[in-house]
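You will see chain A twice below: alongside chain B first, and alongside chain C after that.
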Partner chain A sequence: MNLSTRNTTTDPIVRHAIGRWAAGAVVLWVTVFLGLPITVITAGNVAMDDVTRVLTQQSTWRLVWFSTWQAVLSVLVTFVISGPVTWLIGRHQFHGRRVLRAISTVSFLLPSVVVATAFLAVLPRSLHYTVFAVIVAHAYFNIAVVVRVVGARLELLEPQLAGVARTLGASPIVVMRTITWPLVRGAVSSAASVMFLYCFTSFAVVRVLGGPRRSTLESDIALRAFGIGDVGGATVLALVQLAYICVVVGIIRLLMRSDIAYVRAAPPVLPALPHQCRSIASVIGSVTVVFVVTPLVALFWRSLHVRDRMSLEAWRSLFDTALAESLRASARTALVAGVLGTLLCCIATLAVVHLRRGGRAIDALTLLTLAMSPVTVGLGLIVTFDSGWFDWRDRWWFVAIAHTLVAFPLAVRVLVPAWRTTPVGLHHAAAVLGANGWRRLVDVDLRRMRPALVAALGLIIAVSLGEFGAASMLSRDGAETMPVAINRLLSRTGDVVRAQAFAMASLLVVVCTAALIVVESAMKRGDHAAGR
Partner chain B sequence: MLQVVDLTVQRGSRRVLEGVSLSVQSGERLAVHGPSGCGKTTLLHAIAGLVDIQHGVIRIDERDISHVPAHQRDIGLVFQDNQLFPHFDVVDNVAYSLRVRGMAKEERRSVAQEWLSRFSLSGLEHRRITELSGGEAKRVALARTMAGAPRVVLLDEPLSGLDDSLHEQLLGDLREVFDRLGTTVVHVTHDRAEGAALCQRTMELTHPDR
Partner chain C sequence: MRHRFLIALVCLATTACTAGGNGDAEYVTLRLLAHDSFTPTEGIFDSFTEETGIAVEIVRGGDAGTLVTKAVLASGNPEADVLWGVDNTLLSRVLDADVFVPHVSVHRDDLDQSAVALAPNGEVTPVDSGDVCINYDKAWFSERNITPPLTLQAISSPTYRNLLVVPNPVSSSPGLAFLLASIAEFGDGWQEWWMLLRDNNVLIVESWSDAYYGHFTAASDGSRPLVVSYATSPPAEVLFANPRPPEAPTAVAALTCFRQYEFAGILRGTKHEGPARLLIDFLVSPKFQNDLPLTQFVWPINTNSNVPQEFLDYALRPENPLTIDPVVIATRRAEWLDQFSDIMLR
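And then the complex of A and B:
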């Protein structure tokens, strides 16, 4: 079966025209809601004085230093925690492997504010507002990244390569050094860089678990812009952060150039877990499950306890107080972001698959939006759209616009591969059976793309539900999204409000896990339909 | 001399090999035939030390190596699907066994170069593995195994999937190399003519449950 890149229409002129229109639409959207705001905050709010003031302050470099070392330490701790389970899942077949993988990746789509809240629920008070709490919470998130990125590469490694090396005289350590490590090194650096960027720009975790004395660049941008009204200083910090990220991304790309492209069509059959390794595997599996599940259980448990006794008070208050408005705000924001984002994704996908160089440029543009910190996106939007007809700061859908920018690059990476794996033969078969271009689009493309579209929609909704950085900038009192409301509740004292925060976070866990299940099953159906 | 006595290998509850014995004199070449799934590949992997054995003894020159780790057995194995290291070029694949023994870079490159020329691979030293044809990849796999000068060479269907002329040519090359070096060989193949052309003796392996 020919699985080469295929196109909706066989006419290259029409194809190119569709691609150009699609690319134009994406560029317009990104320019208006990202390019313009960045230009406005850069040009309109940064005076030379601000630059000098911020860059000469010792506190700025302390922020950079703290952001860097906590991110490096978080990455190292993540590898220590997730290494054994990744090796177990990636190299061996055993009963319960799929369940263990599902549990270890459950944190993938959990909102950062929820994870931070869960660690408040599970850690003793003496560890609240410490660097330890921040780093462990970062590691909790990042387990999923290591299992997904490094585990997937390990699965693709041919188990017999190690056997060959051993028959050629290599000891197990030499096999690891000369064969296994060079073949997984690229995945390890890729995972490390994703985790580093995530931890470096961490906002919710640092804000909830770090306490008032600890800030990353990201959380200080928010504090300056909205806490003390220093928009100029916040903008300079945002630019410092952007420059830092660009340098890191550049270094990562240089490192990745030496990655070995070792791609197999399908994973080889993994060897069964050796008998003598079963007990150590049970320990690794159990520790991982306990590490992932305990904070979530603690979150739910603490939501049921008010003033040291069991109570449903916190849960009831979610639905009959002002907090209910947060649920409604989150739901409608996520729905609008989902619909808008999926539409934008489809358009971006058309541009990527129909244009050659232009497609690569659109792909890079979506990556750029991914690299922008949500707080900076929110700051830019609020500064830009603030007057006359374009004063959208009070509009509830403004948050949804920000969420499409944050989430659609991820969803494009779901749609493009699905579109590209539609066999060209199916298209030709439909054509010779009399289907015109539209019928082929409906009967072949859309039918095959349906699981990927559902997955993209679910992904954007899940990201929107949990997004905290941009929402904390754009949400207004009375229409806060759930993560913003959770943060506000946690900043107040009292057993009841804390239990309410735990209850709301528990609700987000349930909704986001449901969205994740929808995404996973849709992607599985898509893989099945593509014959993978 | 390679000796296998009453070898049994089990995978889960299934016996893949049961009570298999064979003996190959130094410099002798033995062809092993048998239907699909009778355990031919498992037999080679057991001799090479890549699978655990449940019962039996494997000896080389009277020394029991049944529980010696694979990398200390000095037995070379050519896999059916070559299993070339994808992150090395041709010459580094061939020189791998010399590298793990600590041979200096220049020296091992020169030895590898010799083996490349014996298998008509000169000029392909720095070719990537993904750029080789099926026949070239087979030759690299054979050169890689031979470069380490193992005491016994195990061949797992080394010529399968090649067209007739390439098959004949490579068979001739192998015979010449083995004759010159006096290599002890166990050659698993389903092609009886190939076995007879390369080996002095043949052996039939049957399913353990028959």
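And then the complex of A and C:
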């Protein structure tokens, strides 16, 4: 056990240099592909008049208010729904644990258009177009965030610690308050920030499930830009959203700051599930599985029905036509995004772990990519990279670049904790044996990090497979990715076409799940390699 | 060390950029940017390519509103060469932004002149037309012995309480057409009419597909037998069904229709202006126009084209559809949508 694992590379000068270079690269990437487009679209389309018009409109503040309270409520509901299963997965070893973890992550990676449509199919009609539907769908998406972020921290808690406290006479509540909570607080705040961002900027779910009467800032941005053609107003709203989120996330981080970096040197061995907990555990497990799987089954069910008849026509015609092209487009976009994104996230991780204040700034910067309206960024990219040798609007890999930004915050959150748990002792040993900084990076860190790297790669691939906003905005050579194709099929006439959309969505679920299984088995191999 | 890192980064960046460039020196390939509903028969451009040596690549860029917003932003430096799918409710936005190069098609005299008149300078060329109307579920009304509503006025009567579903005019193009229909019909009284609809518990949903496939009794397990859709939805119900029913399960209230025209144009700034002109001419030639009814469920704009009999059998063509001058739409659209939102959505 050791208390500080921040010092992974021993030589502070090398560490600082690596950190600075890494931070520079990340800032450059985010500036070029996020900052620049926003600046260009703001400069070209926003007049002073737009700013005053939008800021003085009452509806703007109504949008801010609705976005806020539905997001807060969604975050709370998500914690309630995912709490039991997170505790189960984070604290106990049992048969089927990895499968349960994979299943509870799938929902996060599905295109929101698809999930929203699936919810319409599952929810009773009286609940359509209600805030309830929106919040349940948000909770559905975000279970994965809690399970992954908070669950991973729970795994690292030393079980003896609570045991010792209990022996010394502390009640379970006192153990919770004085030991467990301070140790998981950082993870909870991190998960809450990410979820708040996702729910606050929610678009498809709010539009499909909330109905036209309910709008978040993000969905109103799209309505303004495309429905009314008011790009100036839309951009101002996007900036309002960015500023607001910066403030809110800043407050969350201040309130919930946790400097306790208490982690175990050795990977944890989770205690097996106690006998008396078996039945409650199976209830928790099955409720979660049913909750996650029901909308997916509804998708599949619908793909098998044309009107009221059972029919394989959709599947058959899908394999004849657009599918191969979309699959190919999705696959190559996801692969490029995965490789590029993993590389970038590694660099970002280096910056986060090697710099003190700068590290926190980079960490916050990666979160910011979530706060920016994808519609606005998409439009910004189109007007920025539009001439000469950097006319990239029709390049298929342009979508992949956008996806690296979308996946940034998630993958960095996988890599940073993994890096921080690398024991200092290994570095000392390597240094004593004569390895210089770079050698230690390659031989110690990268080797230890391999499972986390594979996990990040899989995560980015899955995010890229399911991402809709940016992909729909950037046109490219002929092919479109699967979520874009699904959305297009959903908006067309004909029962077969519609069933095709559901068939393709089912297929996307399968592909995303496969990516997740690869991630899970990579983690498993990593655990074995680490002597788990 | 630092410099090597930097040089490597620059090299990486430049190779990434140059690798993307591909030359199409031998043949011109035109990019045809279209909305998601553009689904012509596969290979329809083959004969055009054979005749002219010009290949056509279709790029789909979202719904019509998205397409227009992007085209306006990229005005003068377009993503493609030709754009398909601006309709008369959006037309003014592209004309104001000077998005297109004027072109007088060789087929101009054969086209529906009322559509040509909407863009008299030829900035865009009309390519098809359709009507947005109230559709009703025939079986639902006959089972209950209720007469379906035949006019907009009728829909506001208590007989049709809880029966209508409408796509949101702010986010959906048929929804906007329906709002415009009400404005064309009632003039300044349109807001009062919508208030009556609101009291009649009209359901407003996000998109046309939500309305039709989520709530319309004839196409879903929904509970609304009246929906805002197209005059060509009944033939689609027949021709897409397998097996085909002898008659359409749905019908159209002919007096509620608003006419939509769609246009195509040459995007200003294209490097292939000459070939793009040939493509526009091909798009309005009978060869291409004949394909439209059964693939996209719209009417050809070229009066010399042959509409397939099976389409004629089921499709309704309203005699005197409602319409509003695009210039008036341009100046008042935002205001109308705002007023609509105030009445119905806030």
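To be clear about the criterion, the second predicted complex is superposed on the first by the 289 of 532 C-alpha atoms of A that agree within 3 Å, B and C clash if a C-alpha of one lies under 4 Å from a C-alpha of the other, contacts with A are read in each partner's own complex, and residues count from 1 in each chain.
Following the convention adopted for this analysis, a contact is a pair of C-beta atoms (placed from the backbone, for glycine too) under 8 Å apart; a residue touches a chain by one contact, two chains touch by 3 or more.
Keep in mind it's a predicted model, so treat the numbers as computed, not measured.
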When the two structures are overlaid on chain A, which partner does A:272 contact: first (chain B), second (chain C), both, or neither?
first
Which of chain B and chain C A:179 touches, first, second, both or neither
first
One more residue to check, A:325. First (chain B), second (chain C), both or neither?
neither
Of chain B and chain C, which one touches more of chain A's residues?
C
Which partner does A:158 contact after superposing on A: first (chain B), second (chain C), both, neither?
first
In the overlay, answer first, second, both or neither for which of chain B and chain C A:387 touches.
second
Contacts of A:129 with chain B and chain C, given as first, second, both or neither
second
I'd like to know which partner A:169 touches here: chain B for first, chain C for second, both or neither.
first
Does chain B (first) or chain C (second) touch A:211, or do both, or does neither?
second
Residues of chain A that lie at the interface with chain B and also at the interface with chain C:
none
In the complex, the residues of chain B that touch chain A are 11-12, 45, 48-50, 69-77, 79, 83, 85-87, 96-97, 99-101, 144-145, 148
Per the contact definition, I'd like the list of chain A residues that touch chain C in the complex.
21, 25, 41, 44-45, 59, 62, 120, 125, 129, 207-208, 211-213, 223, 225-231, 306-307, 313, 379, 382-383, 386-387, 389-390, 392-395, 397, 472-473, 475-478, 480, 487-488, 490-498
What part of chain C is in contact with chain A in the complex they form?
2, 5, 9, 17-18, 20-21, 31, 33, 36-37, 39, 57-63, 65-66, 68-70, 72-74, 77, 79-80, 90, 93, 168, 170-171, 204-210, 212-214, 219, 222-223, 233, 236, 240-242, 297, 333-334, 337, 344-346
Given the complex with chain B, which residues does chain A contribute to the contact?
158, 160-161, 163-172, 174, 178-179, 182-183, 260, 262, 272
